[in-house]
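Should a chain be cited, it is by its letter among A, B, C, D and E, assigned in written order, with residues numbered from 1 in that chain.
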Amino acid sequence: MRDLIRRNLPFAAVAVVALVAAPLLLEPFRLGLLAKYLCYAIVALGIGLAWGKGGMLTLGQGVFFGLGGYAMAMYLKLTEAGPGGLPDFMVWSGVEELPALWAPFASPVLALGMAVLGPMALAVVLGTLVFRQRVRGAYFAILTQALAAALVILLVGQQGLTGGTNGMTNFFELFGRDLAEDSTQRGLYLVTAGVLGVLYLATRQLVNSRFGRLLVAVRDGEDRVRFLGYDPALVKTVTFAISAGMAGLAGALFVPVVGIISPALLGVVPSLELVVAVAVGGRHALAGAVLGAVVMGYAKTAFSEQFADGWLYLQGALFILVMTLAPKGIAGLLGRVRRARTA
Amino acid sequence: MTAFVNQLPIGLSIGAVLLLVALGLTFTFGQMGVINMAHGEFIMAGAYTAFLIGDLVLALPAAFLVAGAMGLVLERAAVRHFYGRPLDTLLLTWGVSLVLQQLARDLFGAPNVQVPAPSWLAGGVGILPYNRLFIMALAVAGVVAVWLYLNRTALGRRTQAVVQNRRLAATSGIDTGRVDMLTFFVGSGLAGVAGVALTLIGPVGPGLGTYYIVDAFLVVVAGGLGQLRGAVLAAAGLGLLNSYAEFWSDASLAKVIVFAVIIAFLQVRPQGMFVLRSRVLT
Amino acid sequence: QPAAEAQEIKVGLLHSLSGTMAISEVTVRDAELLAIDEINRAGGVLGKKLVPVAEDGASDWPTFAEKATKLIRQDKVATVFGGWTSASRKAMLPVFERYKALLWYPVQYEGLESSPYIFYTGATTNQQIIPGLDYLKEQGKKKVFLVGSDYVFPRTANKIIKAYAAANGMEVLGEEYTPLGHTEYSTLVNKVVQARPDAVFNTLNGDSNVAFFKQLKSAGVTAETMPVLSVSVAEEEVTGIGVDNIAGHPVAWNYYQTTETPANEAFVKAYKAKYGATKVTSDPMEAGYNAVYLWAEAVKKAGTTEVEAVKKAAPGISLDRPEGKVTIDGENQHLYKTARIGIIQPDGLIKQVWDSGEPIKPDPYLKAYPWAAGLAAS
Amino acid sequence: MLELRDVRVEFDGYRALDGVDLTVPEGELRFLIGPNGAGKTTLIDVITGLTRPVAGSVRFAGHDLVGRKEHRIVRLGVGRTFQTSVVFEELTVLENLDLAAGFRSPLWTLARRRRGVSEAVAEALARTGLEELAERSAGVLSHGQRQWLEIGMLLAQRPRLLLLDEPVAGMSGDERERTGRLLTEIAADHTVIVVEHDMEFLRRHASTVTVLHEGKVLVEGSVEQVSADPRVQEVYLGRRPSDAAVGERT
Amino acid sequence: MLLSVNGLESGYGRARVLFGVSLEVEPGRLVCVMGRNGVGKTTLLNTVMGVLPATAGTVTFDGRDVTGLKPHERVRLGMGYVPQGHQCFPQLSVLGNLLVTVEAAKQPKEAVDEALDLFPALKPMLRRSAGHLSGGQQQQLAMARALVTRPRMLILDEPTEGIQPSIILEIEAAIERLHAAGLAVLLVEQYLDIALRLADRFVILDAGHVVRTGDAEELRRDDVRRLLAV
């Protein structure tokens, strides 16, 4: 019992800061940014699971994030257009009738369901195809990267259906509440933080379970696992789907928080940035993944505000330094400090 | 009909471009397992070298040296701490690529620069301009040189030994550090050569590398890791596929089709076109 | 501190300083900085100095929205000058409308928009695309091929072109889009060459233009046999494309470095003095430069930087700018602008061959063009 | 009951197995010897689905094994160890064993934490003498300790057919003895096939021996019969049968 | 003294494995390192070769302190190593494996033929990929590979593991011949009888400490043998 409390103390402390202190102390604009980082942290958590524990380096997590985001955006656009109305971008793209694909997204339940289940379904299909054929390592990484590139091109090309390069923006209300209101934004922040907390605990539980051990075994010796009677493809597909679902949910939260979804948010570069964030935070620990997303998100904002002209140097340098000096990321560094103190 | 027939040489010439940009990767990725995302920026460095020198032929060896030297520095300063962790190198070198892009922007300015094409490359035969033929010739020459290097020289053999069993290589008397440096030098140098060639057909600016990097890796993946003949066939195949897919639909859809075909292909041949089977369990 | 603050007015500059769009946007930012310098040297606005706060949009639309919010809410700037691509403008629009702040957008665009919180200082379609088409028609070009980047500006522009062609006895032989940043044009060039059009209408943006023109030239296409009219290639792109590859082809804009006005002489001189003698000036730069002056004028007229007052003061303001006289239209917050067709010269500059004579009234929804009815269905 | 009929395996034209017939009845401890490269490991690979034969059939307890996926074969009750041991270095010894024992439970039940030590795992720990190392991660084990862990994982799987590829290589004399006794014990109610080169080990523990040579079964019989066979001496034991008593171990 | 190891310590990360190991190999002598599984034999050889860094102590080869040298530099000084577990360059051919080593060690090509004469079983498979060989074949290749560097001292980690009896005899004979020809050998071996036949001296390790050294005769003593029992 004591052990249980001790183990959860850091988590509880962070939760109090995030849920109580942050909304009180931060001005609305900054709180909104923090909410955005937390959305990324949810994606990072999934990457931490799939890559850190399962060894699947997914460079296409933006795809799932994007699907979730688009599902939510479609719902928002439809409520705003009202029954029979058309979303603004369709009007200037010359679309005259609501495409059939859009119809289900008028329902918030279906839209949210699609935001999570859609990415999971895609992950299951893709996972079944590639994992069963034992595509892995760098092959898998590059395939997912190509997937991200392809999806962006597809979305951009279907301007009437998706808003093209612009994506979708200009949202006004969510479940009847004015999105411009600071109180709505604070509420969204709290929801995001809460979702992240719950997912973190659930993922931690999963990682510490026997399934988690199996996952590590698959990562380190996929072929050997077969001879223990498990199907690694199934284990990987399930994990990949879970991480895709998380990314989808994060995307759905992101849209009302940030107010835009566009192909620029889900292509090769943002997908890579998320993986980088996980690496910086420390992919071997779930907390590291979350931490990395928040730190890198903050660093990007801070650097680009301070040094609008040369911030890429700083971001690149920060990242190269962490990778070379602390290959296990910030979490690894903290672990080392803690061990050194107890030793 | 002519248009249709024309697509054949066009496809091959697209393949030659793909092959040229991917050739260096068969070294750094195929041989050493390093997923070098800064490969694109080494291509860019080659292109800027051509810009500075202003003469295409002189630029070829110079770009090889410049990009090679950059690769050498990258290898010594960072990549060497990452052997055995190929997926981590991907992230590291991506950071490097960001910095190099920004550096180019500061050194040469954000706008594109122009490398004049030599007058003897004006004109062409049939649908293929001389500059495309030049690129195809360069790709062929590159493949031959790489093949000879890997299979006919002691250095090539040493490279393979280090990749396959680093520790054993060291205890067999191979200076693994030097082999790593050399391999990275050659792989990066080849990127520089590709950069010179690309000045003939595309923009020369800080973003140059980003336009080619995903395609280059796809060629290596479809061909089979470290497999030269695989890379050649994959490049030609993807070039033709691209050319006909774009001919029938459009450039956007062609890219999507290429990706779909690669996934389908990996269903049949999960490790790319040519696989080196090994009995070692992973 | 408060005393000093009272002596300053913060204005936001929001352009891509990194990423693909940096190529173009950095120069616009530079031109805006030049205008701020000049105004400050002349005593500022309402006796206060302008202090630029620059942010990087990073060629990423959501970042534009985020940085716009930051400029408005955190820095409390009086106004923002920024954006280039339509996507970045669309991303920023709700932010400016939500916080009732002002954006000055300096680039030609596809029209069909007039936000109460945006001033558009670049051309709308009837000040660039349609004059370009008129020019082609005048030159006897009846068959055109449309080539563009895959996003909203080229797609909308091409819709307008097709409607125009239908109404004016022109034939559109093909319409092709490539992703932004695409560099492999051999297939597309083959399609164009096989279609044998009289002219190509080019709405490619950014680096793709370099690849397109280089590969077109190697395929033996010349400006004599098949002119390519571009609406997104200005002076600073010419160097990167290579003068040899593009000389002789026409472009459509409102301003060229060679435009002969006293204001332009001063602008070019000042710009080169500040940024280097080899630098060129272009239409979007000039539109950004103008934006700062127009806003300053409106503030002077309103006697305050308060947004609603500035909006109210702006309509009708008319200034002599490098491109000639521009006037703020009260109805849609666009400018009256003179359309100009130019030919790219071997020295890399653009020589005007045609102009609309007087400034054209902005018509973002093309209400004055019967053939365009139905294009703007809102 | 295991039955192989006319099994052929080719690698790029090279015949690694060239028509092998082999029958191992239930409850037998069968030893498989043969020169390096004779095809012993390949034979195990074929049975466990790692290598697909170009011809022939492999039947186990009424099931045809050819073409089945590896993990399905394991689920039929066929377990193996590897010549070069492969264990999960980041997991503890206990977790390695638990994983091996857990494949029968459905995937979703794995979502719970491991509580305590299951019977199969406890037994495997005891039999392999790894109790003291139970909480250490497998990555720190020495070569010989890994061999034991491999055997432990095999035991924890509770298979009906056990295939062991050179289990005592790298073990010290005492450990060989312990392994031998363990195998004999297991063979009482399981089918066990052991690949080994250690003739002394065979002499002490083997009843029936199959000798493989160049992808074919050369002879089958008791240790004495086999060692006395001149062909076996020629290709395997060496020309000095008396000297071949390289039995005494540390 | 050809090789002298003094107070050597090393390990993996924070786990220490060797605690002040000292031993010596005279020119032309064969020293056998023995001990139970996991006592640190492989760790010792790896540290001697420079694969693992020594955290304390020195390794001197031929009068030269090599403690800080890289593995390949030690090979060029004449230390030939056959690691445990029949390792090879799997995608190179058998001949490629030998060639790459002979070139790296800057030895003439004839060294390859000499090595092959010692392991004739390799001759018919020179063109095959080494990764496709059986375990025993790979072990022979590993020995041959160490020999082509023309070492002055051979360091062998359980060279007979996984090898068929007749070839064990051959390997033993080969070691004996090499030894007789003046090559110094540091050998880790589990087969006591082989150790008895080959060794001039032995070193017994336990838990990272040297617990006993002596000459071949002493190995026969029961109290020494007990050190090796579990």
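The working rule: a contact is a pair of C-beta atoms (placed from the backbone, for glycine too) under 8 Å apart; a residue touches a chain by one contact, two chains touch by 3 or more.
Owing to the predicted nature of the structure, the values given are computational and were not obtained by experimental measurement.
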Between chain pairs A-B and B-E, which one is joined by a greater number of C-beta pairs in contact?
A-B
Farthest chain from chain A by C-alpha centroid distance is chain E
Averaged-CA centre spacing for the pair chain E and chain A, given as whole angstrom
52
Provide the C-alpha centroid distance between chain A and chain C, rounded to the nearest whole angstrom.
36
So, what's the distance in Å between the C-alpha centres of chain D and chain A?
45
Give me the residues of chain B that touch two or more other chains.
102, 250, 252, 255, 280-281
Can you pull out the residues of chain A that are in contact with at least two other chains?
153, 156-157, 221, 223-224, 312
Taking each residue of chain D in turn, which ones touch at least two of the other chains?
82, 84, 86
For chain B, which residues count as touching chain A in their complex?
29, 33, 35, 78, 81-82, 85-88, 90-92, 94-96, 98-99, 101-103, 106, 214, 217-218, 221, 225, 250, 252-253, 255-256, 259-260, 262-263, 266-267, 270-272, 281-282
Where on chain A is chain D touching in the complex?
205-206, 208-211, 213-214, 216-217, 220-221, 223-232, 234-235, 238
Which positions of chain E touch chain B when the two form their complex?
49-51, 70-73, 75-76, 81, 83, 87-92, 96-97, 99-101, 103-105, 129, 131-132, 145-146, 149
Under the definition above, what is the set of chain C residues touching chain A in their complex?
17-18, 54-56, 58, 60-62, 65-67, 69-70, 73-74, 85-87, 90-91, 93-95, 98, 110, 112-113, 150-152, 155-156, 159, 177, 179-180, 375-378
Could you list, by residue number, the parts of chain B that touch chain E in their complex?
154, 157-158, 160-161, 164-165, 167-177, 276-280
